[in-house]
Amino acid sequence: MSERGLTDAALPGSPGRVDLAHLWKQRWFRWPVFALGGMIVLQLVEWIADPESEELLSGGQAGAMLRWSVPLLLAGLGGMFAERAGIVNIGLEGMMVLGTWFGAWGSVKYGPVIGTAIGLLGGALGGLLHAIATVSFGVNHIISAVAINIMAPGVTRFLADEIFSGYAGGSISQSPRVASFGSVELPVLDRVSWLTIIAFAFVPLAWYVLWRTRFGLRLRAAGEHPSAGDSLGVNVYRYQYAGVVISGALAGLAGSFIVTELTGIYREGQTNGRGFIGLATMIFGNWRPGGTALGALLFGYADGLQLRDRDGVHALLLVGVVVLAVLALRRALSPKRTVVEVGLPAVIATLIVVWYLLRDTVPPTFNQVTPHILTLVVLVFSAGRLRPPKGAGQIWRKGEH
Amino acid sequence: MTAARRSRSELLLGFAAPVAAVLIALVVASIVLMISGSNPLDAWASMWEFGTRLETSVDAINRAVPLYIAGIAVALGFRMNLFNIGVEGQYILAALVATEVGTKIDLPGPLHVAVIVLVAMSVGAAWAAVPAILKVTRGVNEVIATIMLNAIGVSFVAAELLGRWDSAGQDTRTADIGESGHVPGINWLLEIFTRDVGKGRELYGFLFVAIAVGIGYHVLLTRTVFGYDLRASGANPSAAEASGVPSKRMILAAMIGSGAIAGLIGLPDILGELYHYGGDFSQGLGFLGIAVALLGRNHPGGIVAAALIFGYLDASSPILEVEGDAPREIVTIMKGVIIFAAVVAYAVTERSRRRRQVAAAADAVPTTSTEIGANP
Amino acid sequence: MTAAVELQGITKRFPGVVANDGVTFSVESGEIHALCGENGAGKSTLMKILYGMQPPDEGTMSVDGRPVHLRSPKDAIALGIGMVHQHFMLADNFTVLENIILGSEPSKGAGVLDLTAARARVEELSRAYGLDIHPDQVVEDLEVGERQRVEIIKVLFRGARILILDEPTAVLVPDEVDELFRNLRELKANGVTVIFIDHKLDEVLEISDRITVLRAGRTVGTRDAGSVTAAELAEMMVGSELPSPATGETTVTDSVAFAVRGLTIAGDGGRAIVDSIDMTVRRGEVVGVAGVEGNGQAELIEALLGLRHAQGTIELDGTDISHWSVRRRRNAGLGYIPEDRHRRGLMLDAPLWENAMLGHQARSPNARGIWIDRAGARGRTEEIVERYDVRTPNIDVTARALSGGNQQKLIIGREMLAEPKVLIAAHPTRGIDVGAQASVWNLLRQARRDGLAVVLVSADLDELIGLSDTLVVMLRGRLVATLDPARVTPRELGSWMTGAALDTGDAA
Amino acid sequence: GDDDDDTTAPADTTAPADTTTAPAAATTAPPAASAISVGLVYDTTGRGDQSFNDAAAAGGDQATAELGVEFSEATPNADGSNRAELLQLQADTNPLVFGIGFLFADEINGVALANPTVNFAVVDGVPTEDPAPNLALLLFAEHEGSFLMGAAAALKSETGTIGFIGGVNVDLIKKFEAGFTAGAQYINPDIEVLAEYITQPPDFTGFNSPDRGKEIGLSMYDDGADIVYAAAGGSGGGLFEAAKEFSEGGDSKVWAIGVDSDQYNIVDPAVRDYILTSMLKRVDVAVFNTIEAANSGAFVPGFNIFNLAVDGVGYSTSGGFVDDITGDLEDIKAKIISGEIVVPETLA
């Protein structure tokens, strides 16, 4: 995955000649290989850790991984759209909260399909607010987002009291039951919600929009070098607005998904920090759709596993060891190796092995924070390699640069 | 315009923004109330009547004390352009560990309290040091790191600690801190001026600590070389570095200082009222601290006002429910609108202030530059 | 010939400044027209107005004989006007192609980019005008000259017939300037009208057909390049003889104030960024460091100040300070005038008096022990403002409010009043106007007379030659030559800087 | 977070005709003029939580209707920072003040000591210090009710595997698990009981995570459990969804057991057919009885235990899914009341 969106997505190399090194450079080739490799590692670990866990590779776990990754994926893509346009959006959490309420309200009133759309709009409304503050008024992005995160739960609580309390089964803190979007039967994964499929369809769609359309090019320009766009007649503000509103809409959709697919009800506080994890997912994915999807699946996997099979998480420690070992090896083979770069993963891997051998299970609270720890580990090892949009977080004012 | 006059008008502008924010919030809340079928005038009248009682004031101040400390903790980071979103995790962890230590020791009064305070500050500082170290050694963004550490701190570290403890009643929590570790109330302070505030209410003695923290913060930042270095580092890190301020050390100092202050946030409640850590301990003060710091513009005086506004809203809003005037949640909306309106108003006034200064500076300079350049 | 551009009575006011004051300006179709004037004369403002980036307050414009009203660069682009800005407007992270098509993307319909068509068009343009670029390279990896070509293609891609270049040569070395001028002549041959802004009068005379001079927002006049001399132009620009940085007699003493031995900074790829540098600066001496930007000068300065880890020794008055912290070095008498005052020198949103203690915040009169001495610091600031003629309403305005020249004088004042033993001055006159420039030169000369040792890094070759007692040339991290400023010409110096002189075997 | 211990129960359904418990209320309403006023302080979610607070509110509403008492309500800030202040506020004007939930335990004790002329009652709460002489502790024998749930599950299970989901791993909820496990093993000593807690304190979001409740439910059903009992507050709704989804997935029909109130009558009709029974915890009865006693001058401070014997806990039969085993259940209930079965409060 390089930043050079236009070049390395080119079609496979010259026909007739199979060049592995060349193939490896192609995204379509690398991804399945990664996936296959991952599955082999999981299978090996499961075999070593036997009989601790059957969940590492089960169909139920695969389904859970998909389900739990969707809100993170949508939030991550949302964060990506905003930051690609230059606006940092840690208000995703608040926008997702709006999405849960509006999604539930819409679903109760008009059914899950229209309801989901309303949830999306609710999130977009939050995005619009963030855009007004940051783009039009030049408020610091973090500050505006914090204000939105504080405001959103208050608004939804008030709205729930005003509206849901009037329904049977509804109250200030919850909605009546909400029907699901509907699902389709797939092999291995069992029933997969249509909304899950739609969410994952956003991954190639987001890539296409950002790297293959006029809109996407201009939006990315707004996040990389707004003055450059401005000097060529691009209305930077408009694209920043678009990015943040799309961001809010995706966060709202994530909220709707939690309501209609994950639980079937709106409950106050249900987003549970997913907006923040979504942001971590985006960073994990280096501000790119494919990477974000990978990150979301990883966190979704960890989430699902900790709920379904606590011992599985224990076995998963071994997967972490494998990954760290590979990392250390790669660093050791690279010309730029330093003691820290090689030593740190090696030391951590060793510590995990010791822990694995000393305890039969990981403490239950460890499960709850696996995604958080994972995020920190990823950041620690790759912060320098990540390539955020240059202008992200900066307040750009037309004519002042 | 003379300097004095300009600074007075700037001061006025500085006040206008938060006042406007509160007014906007009132208007928005009134509209919402009218839409939802309540009479906003009744609601404000009973909040005003109730809020001006002495007892409510005590409640409001007691609420404002932790909010104030939280605001200062956040502001210290902000002054260096560090977003310590992790105040939340830092204070919870600190309160938990300090309370546990407090239950295990038995020392004469002030010493007992001092140990608890020190432990709390150290734990807060230590937890804040993690993102600081990650930032200076690995370049990890502190916003994301502190968000992650909040969850890790509360869910993992705290639960692992708490899991080993005895429980009391139906709650899972620490034992009580002994009598010597309590911070006595200071109702006598009120009694100097007025009647007894009545049974069941004690003005937190921790108020003095909050005041001291505020003064310390102000003196440190504006009167010491270290404070200058810190602000310089926040204003322009590379210029500060060239001036001899090691930016990494400043990041560590600001984060750790912020964490140490954050460690105090939970103590007014624990040492003044609860005496234990358990399910009835207030979480979320760290995030409110961000709001308070924003509203108070990182200025110790402004944060006092902001903490009191929030304290008053919290202390006087229950009357809405008791009297059945309006949904109590209106206050949450008001808080949100106040913060939002305030940050927008600040951005606008800041820009206009800048513009006026530039114009003033340009006034002082002749437009032709040829005669500049005489030897000094 | 018809006038490609005709500006009449253009006035543009900013708070406190009249940037353009009834400017009249006319460019013939197919000519190369230079626009000159000192800093702040209003050149860029005029061009931004012509490019639709800023609306004029008064005046009329016509393009190709038709009156026009421009609301945004879009309108200008539609009229065939393109502009290359003083600071490149390129997204580093984008490919050349993406940068070029931005804002005028060829589309397959429904907003989908037609990259194939775009690439073909760009390749065609680059062939037609002899501009060598590769559409799929990432801009990050390009050299300055290449970036400029990308900027030019960007304009041509939009079908521009009128090309505006704002100080295109400022960032280029002489060879690159020659290359650029070749390109411009090619463009002219293809019928493109070129307007360019330049401060270097020899260049202006070399390339342009006609020259217009602005002063303090007004048009002074337009001359044919063939019938005007540099001296005449200079007089038009400043209303008097152009000041020169010449130093006069030497003040160099025998006592060594600053000595650098074997200074080396390791780079990423194993190659050193700064490679075993030896340098000695005596009291009263100015050592000029010449070099094309990016050859290690910036890193050298950072190492001298202690901002960057380096091997080797640095001695200040005979004491090895190479392991000292930045603060200790500065307190010991190392003064610093940064290359980029906004980045390294000022806190733009802090009041002047706080800016005036930056770098000296831990010593008298700004501090007493751990405490800030506000009265002392404010007094010192007043002194700087007065003695160094910093034009400001008071010392409580933010640094942002000051013009570049006044900001620079504040910085120089604060360094001088701190009585340094060694001054490290990086591009001390960059981006400030001729008048302020002259005053900075005076200040440096004065300090040198008082026995200060100065390390001067500058891209302005006249300044280097004029001010230095000794000139060293830095190339790829090494000092490749020591030259006598009294005997070297800018062109010779330029060939040393690019390494051309090394190949021909000239001795130092 | 929502730190109530239990689930859903709207006011109007707390005393359905087909529950096994009878309302303990006296039927003679004294004239309204002589009725006392009552102050009630809910926990953070407040009235309308369809759970614990609503059950208490139902008791209060019943007292208003039948006894003519007037009562005022208050709800703390979302972070629960002003529980004591609100208790005091209520004590300023009312002779009887309730605190709803165990988190009030210590604070209500303090306020009670400071207001000796006012009577106080706390639901589920046991203060650390000696309780004030004017404080009633309204406690429930949840383990006894849960014992019946365990027995019912064991009697109905076809797979020999059942599950328990706790919201947050606190003592109160562990009491549920202990009773449930003991009841199941009483019927079938070899039964396998899967048990999970959603979160660990101080993270109380486990009472409010229907998503996680659902996932754990699904995985328990995947692992062969056919009946799962949730004592997890708002997370319990997720379990019902899981039961429905798993059953409709074409495999076998699985069941969920509700808690606190008769959830069959509360939940959406779409999922009610998967609710085998519910453990009833009559907070409404406790509140009403206490008001009634105080109103007639017979307020009883100290421990007020609501157990099987006084129908303070019980089980529901709505839907008729346990009609075939009510005989066994009644039998066990009698044995518990008589002391023949001693239900443990903690896990063996």
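Should a chain be cited, it is by its letter among A, B, C and D, assigned in written order, with residues numbered from 1 in that chain.
Operating definition for what follows: a contact is a pair of C-beta atoms (placed from the backbone, for glycine too) under 8 Å apart; a residue touches a chain by one contact, two chains touch by 3 or more.
All values derive from a computational prediction rather than experimental measurement.
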Inset, instruction - With centres defined as the mean of C-alpha atoms, identify the chain lying farthest from chain D. - result: C
Inset, instruction - Could you grab the centroid distance between chain A and chain B? Build each centroid from C-alpha atoms only and quote it in angstrom. - result: 31
Inset, instruction - Averaging only over C-alpha atoms, locate the centres of chain A and chain C and give their separation in whole Å. - result: 43
Inset, instruction - Compute the distance, rounded to whole Å, between the mean C-alpha positions of chain C and chain D. - result: 76
Inset, instruction - Provide the list of chain C residues touching at least two other chains, using ranges where the numbers run on. - result: none
Legend entry - Residues within chain B bordering two or more other chains: 155, 159, 163, 332
Legend entry - For chain A, residues contacting two or more additional chains: 153, 161, 172, 365, 368
Legend entry - All pairs of touching chains, each written as two labels joined by a dash: A-B, A-C, A-D, B-C, B-D
Legend entry - Touching residues (chain side chain A, partner chain D) in the complex: 55, 58, 60, 64, 67-68, 153, 161, 165, 168-169, 171-174, 176-177, 179, 190-191, 258, 262-265, 267-270, 272, 304, 307-310, 364-365, 368
Legend entry - Of chain A, residues touching chain C in the complex: 3-4, 6-7, 212-215, 217-218, 220-221, 224-225, 227-234, 336, 387, 389-390, 399
Legend entry - Complex contacts: residues of chain D adjacent to chain B: 1, 3, 5, 46, 72-91, 102-107, 110-111, 114-115, 124-129, 169-172, 199-204
Legend entry - chain D partner contacts - residues on chain B that touch it in the complex: 55, 59, 62-63, 92, 96, 154-155, 158-159, 162-163, 167-173, 175-176, 199-201, 269, 273-285, 314-315, 318, 321-322, 328, 332
Legend entry - Interfacial residue positions of chain C with respect to chain B in the complex: 14-18, 38-40, 216-217, 238-240, 243, 305, 307, 325-331, 336, 338, 343-350, 354, 357-362, 367, 370-372, 374, 387-389, 391-394, 396-398, 400-403, 405-406, 433-439, 442-443, 446
